[in-house]
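You will see two complexes here that share chain A, one where it goes with chain B and one where it goes with chain C.
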Partner chain A sequence: MKANSKKSRVSKSRLVEWFQAYTFLAPALLISLVFFVVSILFSLYLSFNNVNLYASTYSFTGIENYARMFTDGRAAIALKNTATFSAVVVPAQTIAALMVAFVLASDKLKGRKMFRLIYFLPTLTSSSALTLIFMFIFNVYGPVNELLLNVGLLSEPINFLQNPEYSLKVIMVMNVWSTVPMFMTIYLASLVDLPKSLYEAAEIDGASSWEKLLYITVPYLRPITTYVVLMGIIGTFQMFDQAYIFSNGSGGPANSTLTVALMIYQYAFGQMNSMGYASALAIMLALIIFVVSLVAEKVNNRNS
Partner chain B sequence: MKKNKLPIIHIIMYTVLIIYAFFTLYPFLWAVAASFKPFREIVGGDLSLLPNEFTTANYEYIFGRSSLFSRWFLNSVIVSVVGTTINIFLNTMAGYALARLNFPGKYRIYYGFLALIMVPAQVLLIPNYLILRNLGMLDSFTALILPAAINLGNIFMMRQFFMNFPVDVEEAAAIDGLGRFQTFFRIVMPLAKPSISTQAIFVFMGFWNEFMKPMLYLSSPQKFTLTLGLQTFQGQDGGVRWDYTMAASVITIIPIVILYIIFNKYFLQGVRMDGEK
Partner chain C sequence: MSKLFTKKLGLTVISSATALTLMACGGAGEETDTDNADTSAVETEGKTLTLGVWGGNDAEESSLDSLISQFEEETGAAIEKKVYTDYNTQIQTDLIGGTAPDVFYVDVSMFDFFEEQGTLMELEPESFEVDAFYDTLIEAFSNDEGGLYAIPKDMSTLSLYLNEDIFEAAGVSIDEVPGSLEEYVDWLPGFQEKIDEAYPDDDVFAMSYTPELSRTYHLMERGDGDVITEDGLANLNDPAVIENLQILTDLKDTGAYVTPQDIGTGWNGEAFGIGKIAIMDEGNWVYQTLNNEFSDVNFTVKEMPTYKDEQGSMMFSVGWGKYAGTEESELADLWIQHATGAEGMQEWVEGTGTLPSRQDVAEAADITSNPDLNIHLEAWEFASPWQDGVTLTTVSNAFNNYLPTVMNGEESWEAAMEEANSQANSDIEAAN
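Let's look at the complex of A and B:
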C-alpha cells in the first residue's frame, strides 16, 4: 500500500516534468516545424514543379528544373564566380586570421585590448553598411584610386565598381577583410590553452618565431582550422548581401558579381518568376556545400 | 644574444599589428570623414582625410523631416529588441528542457535540431516567403521576427550550459516550495545570465544587421529597417549620395560598437563556446 502510493506520486511528478518539457519546447518545435521541416519538404516539392507565383499554380514537371541547370549559361557563370570567390577567400581569411591571432597571443604584447577592439570593428558592422563604405572608397574619385595615383602605381584611375575584371576582386577583399576578425578571435580563444612548455622547449632548441608558428601553433590548431575552413566554405558559398548591394541586384557588370545565392534570388523573386527552378538551384547549392565541406574536412585531416 | 633578438621580434610584431590595424580602420576613417564633408568636396577629387569645409549638414539632412531615417532607426530598434527578447526566452527554455528534463522523444528532438542547423538559408528562403505570404504577414515586422524567434545554434549553446549547471540549485528551490516553472523563471534564468548575455548580443547583432529578409519581406518605406533604408540614398542622376550614405552608415554602426564596448567579455565567451564545439 505504502509502496503503491509512492509509485503513483513518482509517476505524477514525471508527468509534470513531461508537461514542463513540452511547454518549454513547444514554441521552438512549432517554429522549426513550420519554417524548417515543412519548408524543406515544400522546397523539394517546388523543385519538381513549374510555379506561377501570380496565379498560384503548380504543375509537375519531373526533373526538368534539375536538367535545366546544365544548359543554363548563367548557372555556370554563377557557379564559377562562387567557386572562384570561395577558393580565394577561404584560404586568405584562414591564413590571415591564424597569423594575426599568433601575433596577438604573444604574452609580451602590450595594448592587446585596444588592438582587439579595432580588429573587431568589421565584424560588428552590417554587410549593408560595409558594402557601401567599400563602394565609396573604391569608386573612381575615391581614396583608393587617389592613393594609388599619388604613389605612382597608377597613371589613370580604375573604375573598380564598373569594370568586370575588378568588381568580384573588390568583393573578395571586402569579404576577407570583414571575416578575418571573427576567425582570428576563434583562433585566439584556443591559443590561450596552448601549453607554454611547448614553446619553451622549442626556444631551447633554438627555434625562430616562424618555426614555432609552423611546427607548434599550426599543428596544435588543426581542429580549429577545420572548423574555420568549414565556416568559411559555408559563408562564401552563400554570399549574397555584398554581391546584391554592389550590383544593385543585377549581378553585373557583365555577370561578374553573379553568385549562386544572388541567382537563386533573381530566379525566385525577379521578373523571371521561376520559383520551381530557383528551388532546384537552392537544393543543388545545399548539396554542393555539403560535398565541398566533406572533402575539405577529409583533406585537412589527412594533412596532419 | 637573446637580448639582441627580443627587440627585433617586438618591432616586427608591432609593425604587423599596426599595419593590420591601419587596414582595418582605413575604410571607417574615410566613412567618418566623408560624413562631415559637403557632397561636392567628396566627388571633387581633392582628397584629404580631414574635411576642408567641415559640415554637419549630412547628419541634419538624414535626421531631418524629409527623411525617414529616424523612423528606420526606430524600426531597427523595435525589431532587434523584440526579436532578441523572444529569442532569449525561447532558446533558454528549449535548451533547459533538452539538458535537464526527462521526457519521451528528448534525443530525437535534440538530434533533429542539430540536423536542421546544417540547412543553408537559401533552401528555406522561398518556402518561408510563400508561407509568410499565405499567413498574410508580408510587409510586417512579424515576418522578420517570427521565423527568427528561435535560434538553433543558441538552443544548442544553452543546452551545453545547463548540462554543467549544479543540481542543488533546483533541489533547494523545490524544498522551498517553488514549483517547476517558478524555479526556472525566478532562480535558473537569473543564474544563467552570463550565457544569456552572450546569446543576446549575437542575436541582437543578427537582427540589427540582417539585410536579405527586410529586403524581401518589407515593401512600404515607413517599415524599412536601417540596413534596407541605407540603400535608398540615391541622387537624381541615379548616382549614390555618398555624403548622406556615409553619415547614415556611421549612425548604424555606433549602437553595435557601444554594445561591444559594454559587453566585451560576453563577445569573447560566445566565440569560445563556438570554437570549442
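Let's look at the complex of A and C:
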C-alpha cells in the first residue's frame, strides 16, 4: 500500500464512503439489533426457561416448553385454526386480487380510476372498526341472515358469531375483503408495465379475455404472485386483532377463533407467568411460517 | 453466552424497549421508607410524581385533571400523567422493566396478581381513613394476611335497567316485573309477545345478557357454588355451579333473552339506548351514557332480581396502588390521600357519575337522593367483587370461550363446562 500511492488514495476514498454508508445505516442497524436480533435471541432464551419476569427468576427447563405444545390440545386447535385460515384466505385473496387487478387494468373499462379508489377503501379501514361492522352484518338478526331468509336459502337464521362452525369463516371473509385491495394495488402497479403488444398479438391469434389472463397476465405476474403469497402466508399465520376483537380475547366460541398469535398473547400477558411457554409458541410459529413460506416459494417457482 | 449475561442482556432489551416509549421513573426494587406518619412535614416542592391511568371518557379526564391541578397547587409538586391505551400489556411491561409510575390504577380483578408479584407497596391503613370506606372494597384490596395495598377510588355495581317506553308501548306496567329470576322464565314469553305486537316490524327483545363470567359469576356462586376452589383451580364442572347456571338456558329458551351482539349492537348500553331491549342488567357507568347519548330514552333502575332466594350483583372497582419501586413514596401517599379523601372523591364522583367507595362521600355527594343511583349504591351489601385470585383470568377466558356453545344450544352445560374446566386447569397446573 505504501509503495503504490494511487491505490492508497482509492482506499482512502473507499474508507470515507464506507464510513458514510455506515453512518447512514447506523440508526437502522441499531434499531434492528435491539428490536429484532436481541429480542429474538432473548425470546429463544426464554423459551427454554420457566420464567417469572417480575421476580426476574429464570429456571432452565430444557425443552419442556416445547414438549408441552405436543400434549396441549389447545395448541393443536390453534395451529389447525391458523392453518385452515391461511389455506383458505391466501389462495382466495391472491386470486381475487389478481382478477380485480386484471379487470381494472383494462383500458376499455370506463371510470376505472373511480373503481380503483373504491376498491382500495377497505384497506384504509382500521381492523377493529372492520370487525365490529362485520359482527353487525353477520349477527342473528342482521342483514346477511335477513337476505338468506328472504330468498329462501335458510329457514332458520344462523348464529354466525356464536356458532363455532361459522365464526372462523366470518373472520376469513372479513380478512379476504380487507386484504384484497392492498394486493390488487401491487398487481396493478406491475400490470401497468405489461407490454400491450403481447395482448394485441394474442388478439390477432384469436385469444379470448380468459386465455389472455391465463397465458399472458398470470405468467407475467409470477414474481409478484410469489411476493403476494408470501405476504399472505405471513399475515394470516400472524392473525391476531380480528380474532381478539371477535371473541373478546377468549378465542371462543369453543376455541373456534383461537389462533396461534392469540394463544401467545393469552400466555404472555395472562396472570400465570407462562412467558416461557409463550416464547416457545412464538419461536415455533416463526419456524412454521418459515417452512410454509419456503415450500410455497418453491412450488410457485417450479411452475414457471 | 453465559446465562447471567443473557439474562442481563434480556433485561436491557426490555427496559430499553419500555424506556423508548414511556417516560422513565424510579428503579425497580429500590425500597423506600414506607413510614408516612407525619405527612405535613414531607418536602414536596419541586418533586415529580407519575400517575399511571387508562384513558377514560371526557368526564373522567377532566375530573382527573382538576384533581391533579389542585394537588400541584397544594404541594408544589409536579404530576406527570401516563395514559395507557392497552393497560394490561403496558402496565405489565412497565412493572417488569422497572419503569412503572409511582401510583397507578389497579383493577380489582388484577389486584391479587399485582400483589403476589410484589409490585405494590403496602399502605398504612391509618393514613387513608379506611374506616370510612365500604369494608367489602377494603377487603378486596387487601391480601390474605390483611395487608392493605391499594385504596379504592370508586366502585360500580350491576343493577336492573327498565326501558319505560317499551313497557308503555307493550301495555305492561313496570310493577309487573317479577322479583326473582325463576319467575322471569314464566313471565318473559308473555311480555315478549306483547312487545312483538307493539313493534311488529322491529326486533325488540324483552331482556339482554352479557355472555361473560364477570356478569354471571355471582349467579354461579349461589348456594354451594364455588367457581374457583381455594387452591385456585377451576371448578366450573361442579354440579352446584352447573345447577346454578341452568337458569341462563331456561331464560334463553324463552326466546326473549339475547346478547347485545345478537341484535347487532356492541354492548348493553347501546342496545338499550336505541330501544331494542326492554330490560338489562348493567353497571352504573351506563347511567351517564343513557343520560348523555340517549337522552330521549325514559328508564328506571331496579334492584337485580333474586336467584335461589338470594340477592346478588357484581361489584367492580379500581384502586390507586403505590408502585413497590417508587422513589416518591411519601408524595405518592399524599396523592392517594388527595384523590381518595372525602373532598377529592366527592369531586371525582360528581364529575364522573361513578359511585364513591366511601360511605361519607355517598351522603355528602347526595347520591342517596337519586333513587336510580342509590339502587346501585345499596347493592354493595350483597354484590360479589369481581375478584377471585390469580387464576380468575384463566378461568374467565375458558368460561367465556365455551358459554356461547351452551347458549346456542349445541352443547349441554355438563359437556361444555367439563371442557372449559379442563382447559383452565391444564393451564393452571402447568404454571404450578
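Keep in mind that, in the parts below, the second predicted complex is superposed on the first by the 267 of 304 C-alpha atoms of A that agree within 3 Å, B and C clash if a C-alpha of one lies under 4 Å from a C-alpha of the other, contacts with A are read in each partner's own complex, and residues count from 1 in each chain.
The rule is simple: contacts are C-beta pairs under 8 Å (C-beta built on N, C-alpha and C of every residue); 3 or more make two chains touch, one makes a residue touch a chain.
Because the structure is a prediction, the values reported are computed rather than measured.
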| item | value |
| --- | --- |
| When chain B and chain C are modelled together on chain A, clash or fit | clash |
| Partner chain(s) touched by A:164 [first = chain B, second = chain C, both, neither] | second |
| Chain B versus chain C as contact partner of A:141, first or second or both or neither | both |
| Chain B versus chain C as contact partner of A:42, first or second or both or neither | both |
| Partner chain in contact with A:272 - chain B first, chain C second, else both or neither | second |
| More chain A residues in contact [chain B versus chain C] | B |
| Which of chain B and chain C A:132 touches, first, second, both or neither | both |
| Touched partner set for A:60, first chain B, second chain C, both or neither | second |
| First, second, both or neither for A:289, with chain B first and chain C second | first |
| Touched partner set for A:232, first chain B, second chain C, both or neither | neither |
| Stretch of chain C penetrating chain B in the combined three-chain arrangement, among 258-266, 348-356, 384-392 or 420-428 | 258-266 |
| Intersection of chain A interface sets (partners chain B, chain C) | 34-35, 38-39, 42, 46, 132, 135-136, 139, 141-142, 269 |
| Residue ranges of chain B touching chain A (in the complex, touch as defined) | 6, 9-10, 12-13, 16-17, 20-21, 23-28, 30-31, 34, 42-45, 47, 90-91, 93-94, 96-98, 101-104, 106, 109, 112-113, 116, 118-131, 146-147, 149-150, 152, 155, 180-181, 184, 205, 208-212, 215-216, 226-228, 230-231, 240, 242, 245-246, 249, 252-253, 256-257, 260-261, 264, 267-268, 271-272, 274-277 |
| Touch list for chain A against partner chain B, complex | 14, 16-18, 20-22, 24-25, 27-29, 31-32, 34-40, 42-43, 46, 99-100, 103-104, 106, 108-109, 115, 117-122, 124-130, 132-137, 139, 141-143, 146, 177, 181-182, 185-187, 189-190, 209, 224, 227, 234, 237-238, 240-241, 244-245, 260-261, 264-265, 268-269, 275, 278-279, 282-283, 285-286, 289-290 |
| Sites on chain A touched by chain C in the complex | 34-35, 38-39, 41-42, 45-46, 52-56, 58, 60, 68, 72-74, 132, 135-136, 139-142, 159, 161-164, 247-255, 258, 266-267, 269-274, 277 |
| Contacting residues of chain C [partner chain A, same complex] | 3, 6-7, 9-14, 16-17, 88-89, 92, 95-96, 110, 113, 117-119, 203, 212, 258-259, 261-266, 390-394, 397-398, 400-405, 407-408, 410-411, 416, 419, 423, 426-428, 430-431 |
